[in-house]
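The first chain written gets the first letter, and so on, giving A, B and C; residue counts start at 1 in each chain.
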Amino acid sequence: MALVNTGTNSYNLCRELFPLCRSVTGNGVRQTLQIIKDGYIPDLQIHEIPSGTQAFDWTVPKEWNINDAYIIDPDGNKIIDFKESNLHVVGYSVPVNKIVTLEELNEHLYSLPDQPNAIPYVTSYYKERWGFCLTDEQRKNLKPGNYKVYIDSSLTNGSLTYGELILPGKSEKEIFLSTYICHPSMANNELSGPVVTTFIVKWLISLKERKYTYRIIFIPETIGSIVYVSRNLDTLKNNVIAGFNITCVGDDRSYSYLPSRYGNTLADRVALHVLENMQSEFIKYSYLDRGSDERHYCSPGVDLPVVSVMRTKYGKYPEYHTSFDDLDLISPQGLQGAYEVLIKCIEALEKNEKLTVTVLCEPQLGKRGLYPTISSKQSTGNVRDMMNLLAYCDGSNDLLAVAEIINKPVWELYEMVSQLKDHELLSNVEE
Amino acid sequence: MALVNTGTNSYNLCRELFPLCRSVTGNGVRQTLQIIKDGYIPDLQIHEIPSGTQAFDWTVPKEWNINDAYIIDPDGNKIIDFKESNLHVVGYSVPVNKIVTLEELNEHLYSLPDQPNAIPYVTSYYKERWGFCLTDEQRKNLKPGNYKVYIDSSLTNGSLTYGELILPGKSEKEIFLSTYICHPSMANNELSGPVVTTFIVKWLISLKERKYTYRIIFIPETIGSIVYVSRNLDTLKNNVIAGFNITCVGDDRSYSYLPSRYGNTLADRVALHVLENMQSEFIKYSYLDRGSDERHYCSPGVDLPVVSVMRTKYGKYPEYHTSFDDLDLISPQGLQGAYEVLIKCIEALEKNEKLTVTVLCEPQLGKRGLYPTISSKQSTGNVRDMMNLLAYCDGSNDLLAVAEIINKPVWELYEMVSQLKDHELLSNVEE
Amino acid sequence: MALVNTGTNSYNLCRELFPLCRSVTGNGVRQTLQIIKDGYIPDLQIHEIPSGTQAFDWTVPKEWNINDAYIIDPDGNKIIDFKESNLHVVGYSVPVNKIVTLEELNEHLYSLPDQPNAIPYVTSYYKERWGFCLTDEQRKNLKPGNYKVYIDSSLTNGSLTYGELILPGKSEKEIFLSTYICHPSMANNELSGPVVTTFIVKWLISLKERKYTYRIIFIPETIGSIVYVSRNLDTLKNNVIAGFNITCVGDDRSYSYLPSRYGNTLADRVALHVLENMQSEFIKYSYLDRGSDERHYCSPGVDLPVVSVMRTKYGKYPEYHTSFDDLDLISPQGLQGAYEVLIKCIEALEKNEKLTVTVLCEPQLGKRGLYPTISSKQSTGNVRDMMNLLAYCDGSNDLLAVAEIINKPVWELYEMVSQLKDHELLSNVEE
């Protein structure tokens, strides 16, 4: 089955992208985007926004790149090595090359006493620092003495890089997919996001026709989404009817939903309908639990209808933002499940329309072969769903609303709608 | 007490009408309407709509009549006899008179394995067939051989018959009562419907004055209501403020409510208020559970405010649409209870009005003898209901809304309203 | 701490005012108002409204005063003495001085069989009577014989007295505080009301600036509020944005809330928010439980946004309207608690405004020192409340609504709002 392969293929792409050292800027981002463009989305446009560019209240920072980093202990052993894990270096660390005492070193070390075997993920984009991250176990064993600290990084005027794809549809109204490519070697948050998005794009490209235009972006989180909104505000506000911030879509422990600011957009309705009609349980978060780019997409005055449909949400699993968020945490099944839910959301949007029945009183389905011609005690149940669908196609409800009212997954209505349109019993209400 | 007699009188009328072989057309309907007209509603208008008449998506079928029908077994015994039960023949069976094998016969037999002693009620209005219904017990005992099957029926161009009464009131706004007269010998569904409606009409005729005009129809289900709507659409849409589809009002096992399409009409509010304030429990169905003429009255574009207030709902009792739905299933008490609830609904509609208190601040009830002149710890409770009534008569609420807000059955407010109007403390708000 | 003194000071003022014999008119009211004016509110205006003045459906009654009253039993003992408790005389008793039999006396006696040791509080403002109140214990011991009954009262054309203070603020929109001064020696209902109001006024006077104008009245209940509304209707309707009927604010058993007529005014929102965010439980009554001047303030056509925030509500404690509602029932803590809750309500009104964030997308708090510059796993929670505040300051919500949405007591947001305004990240939306 094709869908199962998507999970496996997604997992393999995660594996390929995992080692790259991404950050909000720099060559790790460019390599990531290039692999996606070369292998999956040839039309992906790569944009470079110069350091120093203003974006609302923010400024694009300097570009950061790093070649190597390590610590050598008093005995001459290389005890911390960037080549082993790019989490060992605080993101955006300035270069350093000197001998420091353990006391001084400690001011630049980050570890997690509660998770003594995890390397934490730490960044400092907007204040110049240097620092190393390590397990608390390792840190406790450091003995007094002089340590050589070495970070071969650069922080220079360069640019912020992001990828963008516009897939045109019949309508200029858009569905917006945003995912981020700024985290180094971590898997659920976040390689799962760009990878699942990549496979959704492949599926979108494969569609014979698309009702909506699709705007897909691969950006660094926060500064990337702010830059993107600042450059596309009017278009986004005019055209986007629903959007998804695609993050944490790799593990298989749960499904999660995080609403838009007031939880009342079409994207919210679709996401909730799909999740509520899946076999699986899901966790419904509040917008107060937010922590990703909806902070900007849904901010006052921007007001985009963007939600997150996730597996296990950032901040809600112990491995989050540590070296334990690795390729073992995610799975082909986890990626596959997220992919399917998001596809179901997109399909529900594509198929959504306001419909009206074309005759007064119930139509006579029997003469069209849609209703049994013999009426006995048992016969009424059979076509009940079709009757219910017709009853609420009154021009005021979209198909999603009808599905909610008649307690059916919307995807079970697509064939029925098609059949009733063929019989000219349903027609679209132009909006 | 007069009301108890209504239950008994209703039951007696059920008994009289029970043997007639009604269907969606034919002489059984005419006889039924004539008995009601002769004995109870002299002004009932009988309408005949020719076969072939178009009504929206439907066509009035040929008229069906039947004189006799039977099956004779290989031993020459008459084993099925229409004269014993008119349920034995599939409604709208075409004439037949031939010898068939048991195998062939079986294709024309209907029985209920789950209810082996019940004769099912089966019809085939829109496809020409013949068939017999029998108990599964009897069917299992049929032995191989040749059977004579005989149905002396006619299916010819004729007409669909319905009864209509318009009782004028002070307002041209209407309350609409619809009941059906198309079922052969069954009692709860449906002789109870036309019988209880008949006694409600008698009561309506007896009223000194009616605020509203009443439109009461006795029609065959489905095709009858569709025909009626097609001939009266504008009037119904302009005038009907509340309507009741009167069906399944004969047994005494429960009360039931089935809402209009969105459950938000005046008829819904009245029905719910009355049922919620009765001593008895009731079952609140969804519009998704519908199965009678609200399918047409509440359909998109027709949108009449029609609900059903029933005893045990069609499809929800084991005897439904079988020979067990007989005169033992219904009772004078069951009919009486339904009659009373429906009368309470109609009274609540007649008495409903928007009221406003005529003075600012609370009126001084004491000087009008409506409030105790001595104030002590216990005295405040006594006139609390009157105070509450006055507090919410602010011109925005109808009396039904006031009753809901102050948690009183609306019928306990009628006398109070009258008293306060006499004291000129309440006045009607013209709408 | 200053606030603790308010409780004690309030209690002491209760003690001073307790012995005065107040009624809806008369010198007890005047003395009460004079003590408040002399000691606390020099600008309090005393108004006198002549007997016979019309106020909507009501008429100002004659003025009642009383010097002495007693009963002498057949043995010559003074068994009931007004000087011991002013509750012994039915309020508004006409003068009497005669010998009566026990039988005749009994028609003029009031006691409570259920509370045999309590003297009930009884009045007869609108029908001329005389009567005595006593404990049921004492009443049961009365022996047959002749009793001397003596009431030295007067019921003459005089006036109804009330106090009023208008404290101007920057806006002519008003916050309205109403309390009543018509009960003789009882403590929770009612000395607590005027006393707590007095200390709230002291606090209001002490404020450096007031956004709103404050209208505070000390009136006799019912007739006083009706008279006041009749003389100030247009101003009240145009200007009052929130009001509090201050009663039963002295004991420490509970907090209570009684809503306005529809429970949907700004006063309701503030009262509920404050009570729901206090540490204490509170009882939420319905408007159907009302029994004080909201009956007039919230009546149809008057429609003032007035609620009651109380300690234990009138009618809901056994001592209510008896001699047991005395100085032991209330406490400095009880008075203090009510004072603090009401102050919190007023502060919430003063601070309430519609705010909007001034930048698109989230502002960069880090560059303003409001956000940690290093991002690790734990850091996001720290400034979450500030982010949430900003997220919902979109020009559509007032601060109270924002507090409800983000689940914070509004008073925890004042400092944050101030800080964000200083950084020009929030601005007021003119309404």
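We take it that contacts are C-beta pairs under 8 Å (C-beta built on N, C-alpha and C of every residue); 3 or more make two chains touch, one makes a residue touch a chain.
Please read these numbers as outputs of a predicted model, since none were measured by experiment.
Colleague: Between copies subunit A and subunit B, are the contact residues mostly the same numbers or mostly different, with half as the line?
Modeller: At the contact between subunit A and subunit B, which are copies of one sequence, the residues are largely different (under half shared).
Colleague: How big is the rotation relating subunit B to subunit C when the fit is done on Cα atoms? Please round to the nearest 5 degrees.
Modeller: The superposition gives an angle of 120 degrees.
Colleague: Could you grab the centroid distance between subunit A and subunit B? Build each centroid from C-alpha atoms only and quote it in angstrom.
Modeller: From the centre of subunit A to the centre of subunit B is 55 Å.
Colleague: Quick check on subunit B: which residues sit in contact with 2+ other chains?
Modeller: Correct list: empty.
Colleague: What does subunit C use to touch subunit B in their complex?
Modeller: So the residues of subunit C in touch with subunit B come to 55-58, 90, 110, 112, 120-127, 129, 225-226, 229-230, 233, 261, 287-288, 291, 295-296, 298-302, 315, 320-322.
Colleague: Taking the complex as given, what residues does subunit B use to touch subunit C?
Modeller: Contacts found on subunit B: 356-357, 359-364, 366-367, 373-377, 380, 384, 387-388, 391-395, 406-407.
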